[in-house]
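All chains are identified by letter, namely A, B, C and D, in their written order; residue positions are counted from 1 within each chain.
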Amino acid sequence: MSVRVGIIGVGIMGADHARTLATQVPGATLQAIFDADAARAKAVAAETGAVSLAKGPVALINDPAIDAVILASPDSTHAPLTLAAIAAGKPVLCEKPLAPTAREALEIVAAEALRGKRLVQVGYMRRFDPAYVELKARLGSGALGPALMFHCFHRNVAAPDWFDAKMAIGNSAVHEFDIARWLLDTELATVQGFKPRGAGTNAAAAPVFLVFETVAGPLVNVEVFNNAAYGYDVRGELVCEKGTLALRAPTRTEIRAAFAHSTAYPADWRPWFADAYRLQLQAWIRAIESGDSVGASAWDGYAAAAVAEAGWESLVSGTRAKVELATRPALYG
Amino acid sequence: MSVRVGIIGVGIMGADHARTLATQVPGATLQAIFDADAARAKAVAAETGAVSLAKGPVALINDPAIDAVILASPDSTHAPLTLAAIAAGKPVLCEKPLAPTAREALEIVAAEALRGKRLVQVGYMRRFDPAYVELKARLGSGALGPALMFHCFHRNVAAPDWFDAKMAIGNSAVHEFDIARWLLDTELATVQGFKPRGAGTNAAAAPVFLVFETVAGPLVNVEVFNNAAYGYDVRGELVCEKGTLALRAPTRTEIRAAFAHSTAYPADWRPWFADAYRLQLQAWIRAIESGDSVGASAWDGYAAAAVAEAGWESLVSGTRAKVELATRPALYG
Amino acid sequence: MSVRVGIIGVGIMGADHARTLATQVPGATLQAIFDADAARAKAVAAETGAVSLAKGPVALINDPAIDAVILASPDSTHAPLTLAAIAAGKPVLCEKPLAPTAREALEIVAAEALRGKRLVQVGYMRRFDPAYVELKARLGSGALGPALMFHCFHRNVAAPDWFDAKMAIGNSAVHEFDIARWLLDTELATVQGFKPRGAGTNAAAAPVFLVFETVAGPLVNVEVFNNAAYGYDVRGELVCEKGTLALRAPTRTEIRAAFAHSTAYPADWRPWFADAYRLQLQAWIRAIESGDSVGASAWDGYAAAAVAEAGWESLVSGTRAKVELATRPALYG
Amino acid sequence: MSVRVGIIGVGIMGADHARTLATQVPGATLQAIFDADAARAKAVAAETGAVSLAKGPVALINDPAIDAVILASPDSTHAPLTLAAIAAGKPVLCEKPLAPTAREALEIVAAEALRGKRLVQVGYMRRFDPAYVELKARLGSGALGPALMFHCFHRNVAAPDWFDAKMAIGNSAVHEFDIARWLLDTELATVQGFKPRGAGTNAAAAPVFLVFETVAGPLVNVEVFNNAAYGYDVRGELVCEKGTLALRAPTRTEIRAAFAHSTAYPADWRPWFADAYRLQLQAWIRAIESGDSVGASAWDGYAAAAVAEAGWESLVSGTRAKVELATRPALYG
């Protein structure tokens, strides 16, 4: 019994999901595709062997031939379509962010809690990345003692002009917020934002640096730099009482040429996290088959959004901001 | 239309193939399993959801409900069962070695050539490993000029007493022979074998060192050390006119503890080459669907066996040995 | 004409200076040693071939047979003895910290400025470390554009109980403050201190995390962790507009053993910075010969002390602190 | 009492020795310089503060104001001048090779043995390199068991046309022969030479690959590639029964730029082995002071020459060659 999946939005991210589903995930059928750009929908369907094209996003969600939904449409549509999936009682894998504001994300949490069953998974795929999974396992083994600090670095090659510090926090750094919460198993409590300044510095393009205190105690700091120029790079080091654990890039070859010994950086996140996306989709389908839930929940999506808002508030005010979270419904453990 | 696969032999290797097929390869059905140990066959079938248990290996091959066969049974059965699959006109993925001797491997080549269609793929999975694939692509780009040397290191943790130098060459180093032939696109022409000696050395457990001249010109040298103790490790460096290309271990975390900065080695080849096995199976199924062939052919299996025999001959005689190959049938390009 | 050097204090640091002077620095004579522990003074003199033992620190400074003084006595003696050297008109290399408080360091600045000649060098030896020197040269080349952030990590194996967060800032992190000022050629302007908390955390032993804004613009952050357990480790990454520059440990061998590929960490700073100490002493002697001055000045010693005080103030108050500096005398450029 | 040193030949190598002696070696005086190019001698003397210029090499050696001699003149002069130094009873540090042929090197051995005192040190400076010294110490600790293989890689950026395979063996690879003999504490017994061939290969510029059996048992293999293009690079891995030990480049910074994470290679050997040259000179002077001898002896220089001759013979003949050594005089232990 194959899980029949419909994908809403087949831009870069959605088309990648479609390909991964078609080539890497047994037990799933790519049943329908919808995209506001009909030609793109058609092209991706042809490439991936999707069974049908849907008339609209809500029609896709409510189609009885669809068992589960992947949301990779524009950010502004995430919240209403996730709510529609909850209303239809169908599992939905929603790309981050879950909603444009923490308040709207909380409405999704409330709707899902009311329904009493976890249907929403937010696409924080790093939770399935072998490097982070190994980090968590090694931390959990206790061999290095409790965590004290988590240093995070998130660098992209270049961002368009309109991708400002607020977006760097709300669209890039949220991956760090989620993975820190997951790794350390705690909520982020306060945040202090910093930004380099000065004559030679392009303020819009400059990195953002955030330092968090957590409820459990460890500090977390995040550098998010969307114009790092040199390559896509994600690093993390977990400092524990008896040692540290760090991520290592997924690079498989080394080059010696032109007076340098080097490894290559990719231009974007896709090769870096290809395994994570594959494993996330496989885990999502298996969870649907077994009636379980895995990965980042609606609550996690809400918490990341609330952290982002506090981070932006601190950066603007120059003072420490508190991360204010609603009461966590019992559904989320 | 799913490809219905039967697996003969579900020891460590065959059971891994069964799991990979069940969880990572869309378009395939695990239709039947056979193992001389019926309990093992049953257990693996239960774990992987195999449709049925076969009565015997030949029965499995000839079962009309089977479209393609994976051979992971004891080495001595590879040749007769591969011939049976050719006779049945069914694609077969045969674990290495293809046959115990080059002569017997050549019989398979002849049988397949007579049939006029490539049905046999030998499980030299490294050809699908992302690190080797990247090495070949970078070499092929021409940026570093032609290859001059290829240094190969193949280390296992420990081998049983009966795993002597002959087996080290015929069962471990064959992976290096195949990948060198594939990367450099040439046949190995001569070989000179060496072995450390001396008072402190356990001769049976010692590494073997082989140096090859190739038809195209580059030198290849292989250290195969099955009692390297420290971990499973495969390295390779391709020396070109303008630089070198090297493999990098598939390690994803770094540890700082106990006065060391370290990365971990696995105990065996499975985590190291998990991607290669997955991609090999996916490529095999896709090739069956499209009527193509991919990966190492029967000819490649034969050539690796012939190289191994020359390597052993040189190690025994202490003089350089020639790799004698039959004429390559047109089927193999 | 050899520079006749007297060393005051031959504990770990002073004895190392004596050995380095005796074996690595042409143009210098180890003329006299003084230590409050006479036996220790005698032993080090015997080992290093020092010409004589001094009766007291001030006697040594004022001895006409002494051309220049190295101060490696207890921290509390640094300020008065440095003032004595200035009064005697003799070059002095004073181990950090220059003085216990910024106020006292400023008195030294004033005394030296009054004299109108740079005599004081503070032993911030990292300015001579090949790794930092290369970092500064690469930054200065402009190839990577201006600096935006500097991430610093300073870890020791273990500190005694009385070595609290205040000392971590004033005695360990000062190295980072000095090197950041030197690398970025700017003063540190504000600081915000953080500390991990929580049930599992030994507060006294926990790391301190400091984030600085600088006058020129780049951010600087410093983790100082004196109980890092795993080894002595100093790291730094300079994030520039077009790429980053990082320190690499001075490790010369790699070990593959026990399922790990590793490099070793030393137990303390001495092997890590042995080159820096040697080059610092050589440069100091050459500067004395030529009448120049090199390395960290009294002003630099004062500035580091002022930064440390602001860091501690911020850690205690939980709010951002300003680094208040006096007016820089013309002597310091 | 300073050791008064005379340097014969101040080309690249000799001028470096002069600078190192003047700036890094207490206890030595640069007493005299001779170079066939009088202007060059004068310039280097001015730069390094040499006391005088000598009229000729033999005059320098026999000058009573000279205690010890460094020979960095053209290779062809090494043997006669070393013999002159022995005749004068003066310690001599002779750049490699000790003599153009093993036969002539053996004459030096005989002359020194007759005199009954070690006066000759051959400039195989790697014996003082911290990386090799650490390798030997770790091997000697026994923690990894006995050595089985030693893999050596020696790469230069580019060699002139006249620097053929014979010179690659006799002038570059000799460093590897010496260090292997020293590390493994054994003589090299047989050698088999190899060279890549083929259409795309510049035969003159191609690497040479040599495989050695040793008297003690471990295998040694050496790749020497003088046109490696990408940078100056020396690597070595010692394979022991329980693990391996490898050299690590003396690189102190890492760069992330232009889609690569890289470390830089130098253009030649000087920065790589600067520490080794400094430590070699210091040890040589200390040994002269104490009447001891350190480093590579005349016997070692002879043995390296004999190995080079056998290596070339094997490369020409295509068959294994035996390294034939004379009887080792008692003077060499």
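Quick notes on this structure:
Throughout what follows, a residue touches a chain if its C-beta (ideal position, glycine included) is under 8 Å from a C-beta of that chain, and two chains touch if they have at least 3 such contacts.
Just so we're clear, the structure is a prediction, and the values are computed from it rather than from any experiment.
Shared contact partners of subunit C and subunit D, listed by label: A, B. Taking each chain's centre as the mean of its C-alpha atoms, the one that lies farthest from the centre of subunit B is C. In terms of their C-alpha centroids, the spacing between subunit B and subunit D amounts to 43 Å. The distance from the centre of subunit B to the centre of subunit C, with each centre set as the mean of the Cα atoms, comes to 56 Å. Those residues of subunit D in touch with two or more other chains are numbered 229-230, 242-244, 255-258, 263.
Remark: subunit A residues 229-231, 233, 249, 255-267 touch subunit D in the complex.
Every residue of subunit C that touches subunit D in the complex is listed here, in rising order: 22-26, 28, 130-131, 134-135, 138, 143-144, 242-248, 250-258, 263, 282.
Contacts from subunit C toward subunit A in the complex involve residues 145-146, 148-149, 151, 192, 194-202, 205-207, 209, 211, 213-214, 216-219, 221, 223, 225, 227-230, 239, 241-244.
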